[in-house]
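Residue numbering begins at 1 within each chain, and the chains themselves are lettered A, B, C and D in the order written.
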Amino acid sequence: MLTSQNVYERISEILKGKRNELTAVSDRIWDFAETRYEEVQSAEILAATLEEEGFDVQRNAGEMETAFVASFGSGKPVIAFLGEFDALSGLSQQADSATKVPIVEGGNGHGCGHNLLGTGAMAAAMAVKQLMEENKLEGTVRYYGCPAEEGGGGKAFMARAGLFSDVDVALTWHPWDENQVYHARMLATCQVYFRFTGTSSHAAFSPHLGRSALDAVELMNIGSNFLREHIIPEGQLHYAITDAGGMSPNVVQPNAEVLYKIRAPKISEVAAILERVKDVARGAALMTGTEMEIQFDASSADLIPNATLGKLMHKHMEATEAPSYTEEEYAFAQEVQQTFSAEEKAAIQKNEDKILSRGILDFPSEPGFFRGSTDVGDVSWLVPTGQIYVTTCAFATPFHSWQLVTQGKSSIAHKGMLFTGKVLAASALELLQKPDLLEGIKAEHLANLDGETYQSLIPTNTKPAPIKRKK
Amino acid sequence: MLTSQNVYERISEILKGKRNELTAVSDRIWDFAETRYEEVQSAEILAATLEEEGFDVQRNAGEMETAFVASFGSGKPVIAFLGEFDALSGLSQQADSATKVPIVEGGNGHGCGHNLLGTGAMAAAMAVKQLMEENKLEGTVRYYGCPAEEGGGGKAFMARAGLFSDVDVALTWHPWDENQVYHARMLATCQVYFRFTGTSSHAAFSPHLGRSALDAVELMNIGSNFLREHIIPEGQLHYAITDAGGMSPNVVQPNAEVLYKIRAPKISEVAAILERVKDVARGAALMTGTEMEIQFDASSADLIPNATLGKLMHKHMEATEAPSYTEEEYAFAQEVQQTFSAEEKAAIQKNEDKILSRGILDFPSEPGFFRGSTDVGDVSWLVPTGQIYVTTCAFATPFHSWQLVTQGKSSIAHKGMLFTGKVLAASALELLQKPDLLEGIKAEHLANLDGETYQSLIPTNTKPAPIKRKK
Amino acid sequence: MLTSQNVYERISEILKGKRNELTAVSDRIWDFAETRYEEVQSAEILAATLEEEGFDVQRNAGEMETAFVASFGSGKPVIAFLGEFDALSGLSQQADSATKVPIVEGGNGHGCGHNLLGTGAMAAAMAVKQLMEENKLEGTVRYYGCPAEEGGGGKAFMARAGLFSDVDVALTWHPWDENQVYHARMLATCQVYFRFTGTSSHAAFSPHLGRSALDAVELMNIGSNFLREHIIPEGQLHYAITDAGGMSPNVVQPNAEVLYKIRAPKISEVAAILERVKDVARGAALMTGTEMEIQFDASSADLIPNATLGKLMHKHMEATEAPSYTEEEYAFAQEVQQTFSAEEKAAIQKNEDKILSRGILDFPSEPGFFRGSTDVGDVSWLVPTGQIYVTTCAFATPFHSWQLVTQGKSSIAHKGMLFTGKVLAASALELLQKPDLLEGIKAEHLANLDGETYQSLIPTNTKPAPIKRKK
Amino acid sequence: MLTSQNVYERISEILKGKRNELTAVSDRIWDFAETRYEEVQSAEILAATLEEEGFDVQRNAGEMETAFVASFGSGKPVIAFLGEFDALSGLSQQADSATKVPIVEGGNGHGCGHNLLGTGAMAAAMAVKQLMEENKLEGTVRYYGCPAEEGGGGKAFMARAGLFSDVDVALTWHPWDENQVYHARMLATCQVYFRFTGTSSHAAFSPHLGRSALDAVELMNIGSNFLREHIIPEGQLHYAITDAGGMSPNVVQPNAEVLYKIRAPKISEVAAILERVKDVARGAALMTGTEMEIQFDASSADLIPNATLGKLMHKHMEATEAPSYTEEEYAFAQEVQQTFSAEEKAAIQKNEDKILSRGILDFPSEPGFFRGSTDVGDVSWLVPTGQIYVTTCAFATPFHSWQLVTQGKSSIAHKGMLFTGKVLAASALELLQKPDLLEGIKAEHLANLDGETYQSLIPTNTKPAPIKRKK
């Protein structure tokens, strides 16, 4: 059996050897900057790399063009690494620049660091495969190429397709401005389009012959604002009018659309609120004499943390040498920090002018709670799921910002990505070798579920859809 | 056959003989001041007087406690006089006073002069009966005791009960500040209650468990305001919140109610708008998770004037001597005018400081249009209906005001009432004797209908209802 | 110095002697059932009793007709007992009945047990006075006759008048279905009327000349529902339309009014939300061309518990013999429980079919949080304030209900009231004799305030006002 | 002096000579298809042609790049021809095609026939100039190159610049599907942008820190829907949301904009309604804590017809030979008619399957009323203005449609344009020679104004602006 020390050393050596290749992949994905369900090149570069590495790759997984599953080994246990690679629209930005300079005005950019995410998880998968071979370990290591984390809920669609059905444990991570095991709950959420169709008419000559879809959207929104008082206090709903029916006031607008996002601690609560919102939409259609069509966009379940798994990852995080930084790296990070908002600067000052965070935060005694959402939540209902957050940028960098994009190809980012690969690999290797440990994790998982089972809000006939563009 | 001159003289003599009795009846009804569907004493004094006079009286007509039909003679033609006798709430006022002094604070008052209306129409019926007997005229004279003209649409319920099915022509009048044949269209209308029932809950502890009926009323009203743009330009809708669900903000209001009034030139248009408004109400119930119940209150059809009949009445109006007034009457009228608003005073000034209007206005070449409503409209769809408007008060007196109430027992009012009796009687007697004239009137009626038939919006199960009082 | 044992015995003897008088006073106040700021007889019976007992009584305290302060002794420390005595409207109910039978339909009733509250606090004041005299103790004991706890915020007005300026500690209690020291925070709140004045006009003839006050109320409510998303998550706002402008849809409503209740953890947060709501009201006035007038009704600060004081009271609560009950008392309580809702019955079942709660609940390690409000909060900002909750009714009795009213004269209620008198008196006597203890309580109070000072939202020119009745 | 017969013959000869040039200019403008205030090439081709013809051309008239005034002659009277040349967005379509085929997807097209309008009016100016020279007539003939009739109100800006101050009479026309003098009123109108600026915030983490501009737009629209009941019945308002603040529901939208169009019979009424709408917008800003900015877009006055001038034009219209059509022209027109809507086809059937309308409609006894708007209205307030409508397309062709665009270069269109040139020229020539006739026209104009003077709603600092494109 592999000794602990052995493992860390071998992993380090392996990933040192693949460093150039891995950073190149990450940088290419940064360049592609493809958004949800359109990450064709990004998915392919990862799939092809894994294939070359000896993984068996199933493309078009779950009938999604940019989803894939790469597999090595056979039998139990099945360890899954989750990788993401989608960019965000409107965040185009040159790399390594402390001023805001888009590459393409209005273009896409990796504002959430998923170029690193997908590649760092792949690094772990590669190292594990090699050590499984070297040590003839039993079991299966998988890499899940998960599209559309940003608003598209790719993992929920993959879950619906049954792709996680035989997985024992899932490991993943997220680029961040600190090093820690992520041990917190997050909100369940869903996004749904409501499209209204009425009858056009000249607004001055014959408004009485028109049936206004814009009226319907406005009345739906009014009804929803009245609804706020009557949903659970932890529930939230927000909306954006995605089609206001045109620029001309001279016509009764025959088409209009609004996109709702609903959040609540549990997916069942999201479902309950969604039913109420649907009734509001139906009411608005009735009031205006318009037709209403519901188009489900995406949803993700709440995130269930697993303390047993978290503590294991924390141990390996502490045992792995965290990156250190050069003067140039500090200087660049500090330069980027100059562009932050007052609020972020205050956070920096409060943390003793921290520039780059090297230490590992303590593992929390109780799970935290974070008002965001992720489709890792769906996986976390099906299998015990562990996540680490790793420094890849200057302290206090806001996410979904040009400042995050500009650091995405930096050596700081690359170091964090490789550190991640080591921690995830070490965690996986211990799990592969210690069935009891895995049982303990699974037992906690069952306890955490407390008798509930995973449900997804995605209707049977809903297909994953790319970003809607303004008409 | 009766000569014209004979008729006027005999009618005058007959009504001179009944003058004291008639003014006493009118004054008693003024005293009773009973509102819609509760005019028990008012209806009874008229019914009893006609019974005593030899009419055959059917009380509880159409199963309405305060509706009755008094009949004399037999066979065709059937001439109907329409009488009203309901008061208005909130208009209690002492008689013959040039200052506002309620008899009972918040009590009822005859603010529309229906004490005179009912009695003046009865005067005509009495005179016609006597002349039919004296001259052995064939046919039937009827007096319809019609309750609830003010918002209750009594005649629409009487029409539904088939009470006008064999009538050939209907004659009526209205107290006014000028003498004229009323030759104008009026709007069709309906009034409908929408009651919402939700679930009460403490507004601070558990608003999410509450379903707010007040929210539903508010959302219905919002929907209706959006609807305004999308109904025919001549249509109108207004509302009053008749139950806001209580005085405490600390509770989610489980009950609330709103009363809608809809108007349009034609009853079919009112019906179409009402369907839209019902959908708005259903939408509001859906939006709020409440139950909604529709309670139809009343409706009246648009008024169809008949020029042939109008011209006949105009002839008799001109041939009958109109009242002249004493100095005291002028002085009182002028004193009351001092209390009018600036707008009404301007109207007086524009009319050469007119105090009491004695002349007869010209018969208009084309029917006018008036944005009010009356349940005489329902009768006017079923049979040719003629109306005169007769001076019973100071020029420019506002209706539904204490100033109208205070003049309701004056000698000015009594004079107008008796003049009316003469004109209506003379018109009826000519109609009884000239079948051709009646045919012409009916022919015009058919032409006016233009192929349409009377429809009422009153649902089968709706019963006439008195005024709703605030809870 | 008084030994502990002495104290309990003497207090018991004293209150045994006054038992009949005290229960008679409580029962009379139950009979008076006077609502906020109209508790003329209720206040007077308490004031007169205390005067007779030798207290110096200042009536019309803070220029409020039904507020008074009764005082005995002189100098420091000043111990205040807070007494309430107002009833609730609409809760008239016969005593000792297990079925709902109002005495006067729609009348008032003591649905919150303030007849007991005011009298039980008086019992403590009497016992303390007597023991001060017997033992020549220094200091002052006061009884504050506090009107209008129910929505009227009497204590906030008394605080504004400076009536608590020299008080060292305040003690009070509340009738309840269990025995415990109340150690919890409660929400700050305010109630404000917004009255709109527009221009009346006939809704069919000339709606364009009208300016609708009802429109303004509706638009204000819409604006407030949109505002919900943009206030702090712990903040709340609710409203009731207190004047919808009349029952007739046929008129543009020229007057309308809405009452808002705002809640938040801190009074400064309530103030911030109130400013936003005022802007919404101003916006609604602008939108409709109406005038808007703000009429402040009442407010109360959040409640600050004091653990040092709470523990002291807990000690005396445990040391005092709690009431035991007869079979008849259990039978009656059980009979009343039969009328409870399913939810309340479930709570009973969950608590081993508890009928009457005799034990003392543990003192909580951390202060609780309760989403209600009380004007004791205002006092708790000015001086350290302690409260006990004492069993006076069947377990799980809902408050503000006929079931609470019907138990208000029962022997169960009287027993709880006298038990309270003993506990409060014993606590006060220890405080009178132990300056160090008092200092510790004050030190915690200062720490709890954390540098903030009491603020009241009541505008300078606002006067306390009785319940508004529906027009 | 010119005899009538002379005039018609000479005008015909002159325009026959210029036919090729004129149709070429019209076709080029059709090709340019430039929209409001960007008609640089269209204006230039007209200006250059007139300059070459001997007119004195003032470009950049009223500081508008695409406005110009071409003048010939001197002194009084001053006869103005009004020419328009702007296209519409979204109507790109190939010429002479009976199926919908855009040249450029989403491109512009001449959907209102202004290529013909501008050129036909120029034809008249050219003919008049030549006859003035030949006959040494006194006075001035002008051609006004008027940009941005479609929503931009170019003539209102030209009026503001004083460009019509010395004009005695204005003549113009519009392409249509029938031949007639246009003798009708049209509505005054204005278009105004309301832009709201709030504060962005994450909709889930910190909605209370956000100030939603989208909320403000929605509340403004709600307020405006409530306002509908309280403006004059003939007034109208409609709106389009021109910026909903983005596609993401996950952010509190910090920017949003809505465009209002207001119409009423008189510009003073439009102004009054606009003030109310501004207050609604201010109210919405107050309610939401956002900033609001008003950006005036354009306005046009109501159109005042002149019967004296109209009859003169009618005479010349009847005296001029109207175009006749070839079989091919009928066939093409009929083919286009096949693509019409059911409603339009019904209109064709009702008119005996009319294909191309050749006759001249009777001059109406009373001015009609049309619920549209035109900036010719502004000119019609300043000087007596006459308009003819001339057949240039298949009967019942809908305007602002691809069907109108496709006929814009057809021989049918060219024939109507040249016929127009003759009628306008003949009318102008009579006016040049008959001062009394002009006086009569001016006298009627003054009478029509009834003491009122022209007012424009355009704020001093507002500049003409091209079409806003969606962001």
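For this structure, a couple of remarks:
In this section, a residue touches a chain if its C-beta (ideal position, glycine included) is under 8 Å from a C-beta of that chain, and two chains touch if they have at least 3 such contacts.
Predicted model only: the values in this text are computed from it and were never measured.
The fewest steps needed to get from subunit B to subunit C, moving only between touching chains, is 1. Greatest centre-to-centre distance from subunit C is found for D, with centres as Cα means. By residue number, over half of the touching pairs seen at A-B are also found at C-D, the match among C-D, B-C or B-D.
If you average the Cα atoms of subunit A and of subunit C, the two centres end up 50 Å apart.
Separating the CA-averaged centres of subunit C and subunit D is a span of 71 Å. Residue positions 207, 218, 222, 226, 229, 233, 238, 252 of subunit A are each in touch with at least two other chains. Residues 187, 191, 203-205, 207, 214, 218, 221-222, 236, 238-242, 244-250, 252-253, 259-261, 263, 371-373, 468, 470-471 of subunit B are the ones touching subunit C in the complex. The residues of subunit A lying in touch with subunit C in their complex are 222, 225-226, 228-229, 233, 238.
Partner subunit D is touched in their complex by these residues of subunit C: 207-208, 210-212, 215, 218-219, 222-223, 226-227, 229-233, 235, 252, 276, 279-280, 282-289.
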